[in-house]
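Here come two complexes built around chain A, the first alongside chain B, the second alongside chain C.
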Partner chain A sequence: MTRALLPCLLAALPVLAQPAVPESEGSEPLGYTPPQATRSPFRISGYVDVGWANATGNGSSFVPGDTRVPADYYVDPFAPAVNSRGDVASIDSGGRFVNGFLPTTVGSGGNGTFLLNVASLDLQVSPSGLPVLVFVRAQALPRWNGNGSETRFVLQQAFGRVSPVSSQELSISAGRFDSVFGIEYLENESNLRLGITPSLIARYSTGHPLGIKVFYRFQLPSIQSAISINAAATNHGSQVESLQVETLSFTGVPVGSARLGYELSLLGTELKLGISGLYGPRNDQADPGVIQKQLGFDARVFVGPVSVWGEYVSLREDPASAPPKPTGTGIYTIASGFKVHGFYLQLAYALPVHDRVLSGASVYGRYDRRKGGFDGTPQLLTSRWTVGGRIELWSVLQLKAEVLFNRENAGAPTVDNDVFTTSAVFSF
Partner chain B sequence: MRRAALVALLLAACDSVPESDRARIWSAEDLASAARAGGTVAGIDASTLVAPGGAPIPWLSPPHTSTASLQPAGTDGLVVVPAWLDGQPSAYVVAEVWYRVPEAWRQPWYVLFQEPPTGPPATRIQTAEPVIDVVPPSFFYSPFWQLIDVVIPPGASPDAYRDARTLVDPALPHVEANPLLAVVPPGVAGLAAPAGTAPVRPLSGDPVASPRTTGLWVRGSHRSSLNFGSGGFSWRDDGRIVEVPLYRFIRFDGQALLLPDVLGTGPEGQPAPLSFGASGAPRAGAFTHLVLAALPTSAGVFLPPDAPLRGAAVLAGAVQLPVPAPEILARADAPQYVGRVALNPACFSDVAGFPGSCRWLDRQGAVEAALGDRRPQEVRFTSPLVGYAGRPVPR
Partner chain C sequence: MGTVTWMLMLSLGAGPAKEWPGDDVPLPLAVRTPEDLAFKVVAERSYLEFNLMASGKLAYDRGDMATAADRFERLLSLKDLSPDVALVVRPLAEDARRRAGGSRVAAPEGSVPAQPQAPKPVLASVRGLIAGGGDLGPGGTVVWLTRTDAPSPRPRGVERTVFQRGKQFIPRILAVPVGSTVHFRNDDEVFHNVFSLTRPNDFDLGLYRSGESRDKTFRTPGPVNLLCNIHSSMVGYVYVVDTPYYAQADASGSWSVRNVPFGEYQLRAWHESSVEPVKRSISVKAETVNVPQLTVNSDRPPVTFVPDKAGKPRQTQLGY
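== the complex of A and B ==
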């Protein structure tokens, strides 16, 4: 498989080059914070992400002939991701029973295909002179659902934000927004992500929760530092919506999450560290006493053209006290006890190109490792090497290509589920 | 006042489900522990499921008999419970209790085969124990197995195949074989019976089959199981085990009447013809959903005049207890009717018409047609059949 993908990667190399690390807000985990309007209180922006992807094998992590059930407890169905949303090529378990540990899918199986990954439209309103911002991000997701084509429309974000003290970097948001856990949510959108696919642990931290959050940052200019706190009370925590539903709370009790961050900004060098925590009922069952606990650490270093990102997440979930298990992909039997930990380390190099046409180029690599499992079933140790590159043209078009080498190190059967994927992101 | 109501509402919303009310699969080992501690399992007295060493064996002790039969000290035994299956006397044991876990799934049980040096065909490696991959406390542990014969490469050591991960390799030939009912961990050595006697079906004294302990591998760790053979269950195309009702007769106030249960042959409300596996064992009754069924006071229980159960307080006024005609009691098959309920107990005196003139509640369809007050519980049993139609269930 590796041999099969290498030519694809090599063919893509000529078009690889840089853009700077895509930090939407320059620094901290406020999620996507649209810049303040200068003229009109209204601002419309967005992007279109078109890709071509090809997964090996049958496009899923499921092994033909393996009759253990639930099928999604014995493999990592999230491994063969093909786009920035974490959609995988296939979740076809071959008719075997599954229990809701599933990502969303484009349904392409093992075939190469063009994909309209997302068409995204942002509307931002900032009434002049008022400390209020309203933001809506609507997205269209055309997909093959197994029986026909359909286009799903999602309100990926919709929140209002108040900044009550003009002299302080303090804001209070209510609505649906980016998670506050860790740092990978900063790259949720295709136009903000350095590469294409999310990490193996992104499923635990890059959801779009619904609730309220508070962000506060204070500067320590004497030591060129800043400290920030980003805290939220939300329906479901920070997992992606295919695992836990954000739309409403099934337990009646919100989930608390927070990140404490430290930033050091020196000339040509930046260091950012964070610790995140999450505690509350799991929102794929109804008992408020069934708890999910999550802890994370993150670090980013920017030295000239080199950037290093790393993140660690550990999660424990109690077993449900009763069926069923509602998730974003359906209603399943019952939520099992679960524990997982994992990390990724990403290295990127921005090539020195700043032309009007070729406005940026970079190459990057990432190593992911994840170990997790459900009560009574094997702990699966899987890993992934991701290598890729991107160029940015006229500052509005990003062309990216990457290869995912998925590995089953222990617990899970070996399966052919590597991915070659590309993405063209047109921003406006 | 309004604030207090709000606080109460918030507290109610924050209430967690108590430990005793949480979904759980109680293994045979758990049942034995609970029975020894005098505890309950999903609201059921654990000592009615497992007889601890030295304790009276239910159904073989008062009120069903005049004297107590004791489980030998130092050993726990699964209680043999009399029942009716498709009109036939049968017996089962409760090897596991499923509380608020709604479904069971067929799981693979790998058996190692290998081509001998003399050439094909591949034969079972007698020294290699089977391999499974899901155990308690998983909600998806299941005692209902599909045997899968896996042929490992010639010359390969079976010791390298003690983890299911190595056996799901599509390169290895797989062949589906018989189903199997085996509980993990075993928890008890066998069925409850007084010292020096073989286990029997209470009330009729029919012999029953005993399980045997089988070793196996789970991800490289050696475990054991209590093996009940290939009968008792069937499954749907997706591998889901077909659940059948287990009707337990109660009074209208909910108190159990201590009478034999009725095992279904199909899902509740859908009785099916009883089918049999290759061994001759019935393919129903081993995964059951407890449903309490209230008997009308006009129904009667067939009991000989000297049956100690007649004196049970719980039966007084709850059902009719007419004395059967002597000619009927003298029939050779009379023990097969002891404890059986009829809607028209006058038939116990109908010497010419008995047993055909009785409207027995001894099969699923009859119970569902006659008893409207049925109360499904959030309890399911792994309830392997050990006796059917007066004989031990074939393995």
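== the complex of A and C ==
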């Protein structure tokens, strides 16, 4: 019987010689990691932000016929920002006295205009094998309209960072860097910001102070959580450049600021909470006894496509012992005490699009509210509703449009200062 | 007497078996699907090896050295024979051949010649070179073949390990077949996390400390972007293929896939800088197939910001 079957067996040999379900035996890849030498320590990226904006009224929020001084608050609290830098359409006070509490401006008045908001370039250097990072962000803000702020070239960030202990999430940075106060600085750039314009309280927390900062995070894996501390000692506080001169310390005493954060990170769901504080000499005074104090709370919740951001800030500046008051927009005569508090709440929904061309789309809304004023002047209560949408094309181009409904709730006459603004951000 | 009974008798040393009964080959196993065929191939291969071993040993034991030598030599001539089998059979084969007179025994009447012609090869080695990949170079490109003239066999899942070492995923790019399990092992002193937002292979393995490992089984083909929620600088990829015929290019771009059955195939090549794989139709009908150089696309926009678990962009220069 065996002999009779041998032909069958031998005939089957070629087929039987095949391995079972061949799966690249002996050549199965075990993965690929590029050699260290092929990784460049340099990384260059950036973005260009262009837009079109139109503010109603004359773009300034100054009310014709209102002769109260200083007139700053008819610009500042209403702040009809037209772009991601918080630039307003106009700060033309009609010749009335102002005291330096002014935002920067594109000078477009009540006319619709195209804007080249920002051209930003990042250089990041991280030598292989070293716990060191050097980061530089240079920006150009072309303002060719003679009615607005001057064209600026800004070294917005320039710092070195060291992570000295490999077993700990600890980093120390020195140079000019993002504020550690609150959370709005996290999306302060056009290519990061969900919408276009910053909140009404952004000008107190999104500056770029010069100094040293320490970040430490402690993981709590059993509850998928972490606690972090981000603390800085800097020449000045966290106000934006239009409100302070961010060069040398005026007093020799640094401003201390910190944020204590908690984060819960699950897939598709995140909760982040924080409390921030700032204390130190006032930015625009030479007397270290003239203090500024700032307190903030923040919360972020992300559940699937829905995200909610909220932040509260309270700032108190002591009256100055002596004028003048130098700021980023000039030198002014009165340095009175100042206090403000406000908050924003933002809700966004990411539409379920994941196409190669249309790589993302979101709609969002934000409510801002702020009350503030100089000592001795009325406290002005303002609010803003912002609604907008954005789409992302090929993951490199963001197109955004939003409408800002600015409201004067108390302490000032109503003024026509709503804004429609758009932005196209090309990232590279 | 059934084959199983014979196997038991052999293993227990029971009974002075005089002959090996043999059995019908090919086995009467129904083939309706590619999986059936794969099963049958394995079964018949195992069956053939066993028959040649057992019948050779029985012949040897009863002093029929010519038959024993013949069976053992046939067994040893099988391609890809297990070294363990060869180790135990070869001494008996050599002894049987020596005692049989030192010459091959004539094939039994009615059988095929003792030295059949070499079988026509049906498995090929497919190889080629990848170019492109931009600044990253072609290394790591995932190359895979799917049949176009027949259903591609379903691949077997494998187990692989991706290490988190020096705040990197090592390997950075790993190709695995569908159904594979990847172990993510934290070799750093700090905590790590692995997550992916790539649908439908999105997952999150949570936080885990040094020395610990978490597993993920990938069941859907396609690229899977690996990220760490703690360290925004960590980026890696698992590419899941729905075929057993796949490879990854080395740093020079060379790749090869072995044991590819003859047939018509669609070749695809994916690189981390590609939006879509490049494709090419190839015919596999020789033992070695050299595929002309392929250039992978570098059309994926550079990643400016790395998302966190919630999809929010992270700036790598911030914090840790």
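Note that the second predicted complex is superposed on the first by the 377 of 428 C-alpha atoms of A that agree within 3 Å, B and C clash if a C-alpha of one lies under 4 Å from a C-alpha of the other, contacts with A are read in each partner's own complex, and residues count from 1 in each chain.
As a working rule, a contact is a pair of C-beta atoms (placed from the backbone, for glycine too) under 8 Å apart; a residue touches a chain by one contact, two chains touch by 3 or more.
None of these values were measured; they are calculated from a predicted model.
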Which holds for A:40: it touches chain B only (first), chain C only (second), both, or neither?
second
A:151 in the overlay: touching chain B, chain C, both, or neither? Say first, second, both or neither.
neither
Would you sort A:247 into first (chain B), second (chain C), both or neither based on which partner it touches?
neither
In the superposed arrangement, does A:111 touch chain B (first), chain C (second), both or neither?
neither
Tell me which touches more residues of chain A here: chain C or chain B.
C
Does chain B (first) or chain C (second) touch A:68, or do both, or does neither?
first
Identify the partner contact of A:375: answer first if only chain B is touched, second if only chain C is, both if each is, neither if none is.
first
Identify the partner contact of A:409: answer first if only chain B is touched, second if only chain C is, both if each is, neither if none is.
neither
Find the residues of chain A that appear in the contact set with chain B and again in the contact set with chain C.
none
Which part of chain C faces chain A closely enough to touch in the complex?
19-26, 38, 41-42, 44-45, 48, 51-52, 55, 74, 78-80, 107-112, 116, 119-120, 122-123, 135-137, 139-140, 142, 153-156, 158, 160, 162, 168, 170-175, 177, 188-191, 193, 195, 199, 202-204, 206-209, 229-230, 233, 244-251, 256-261, 275, 301-302, 304-305, 308-313, 315-320
Which of the residues in chain A end up touching chain C in this complex?
1-35, 38, 40, 45, 47, 122, 124, 126, 133, 135, 157, 159, 161, 163, 166-171, 178, 186-187, 191-192, 215, 217, 219, 221, 224, 226, 228, 230, 265-270, 302, 307, 350, 354, 356, 394-396, 427-428
How about chain B: which of its residues touch chain A in the complex?
13-17, 21-23, 100-103, 105-108, 133-141, 146, 148, 164-165, 168-170, 174, 219, 238-240
In the complex, chain A residues that touch chain B:
63-70, 73-74, 95-97, 99, 251-253, 287-290, 319-323, 333-334, 336-337, 374-378, 411-414
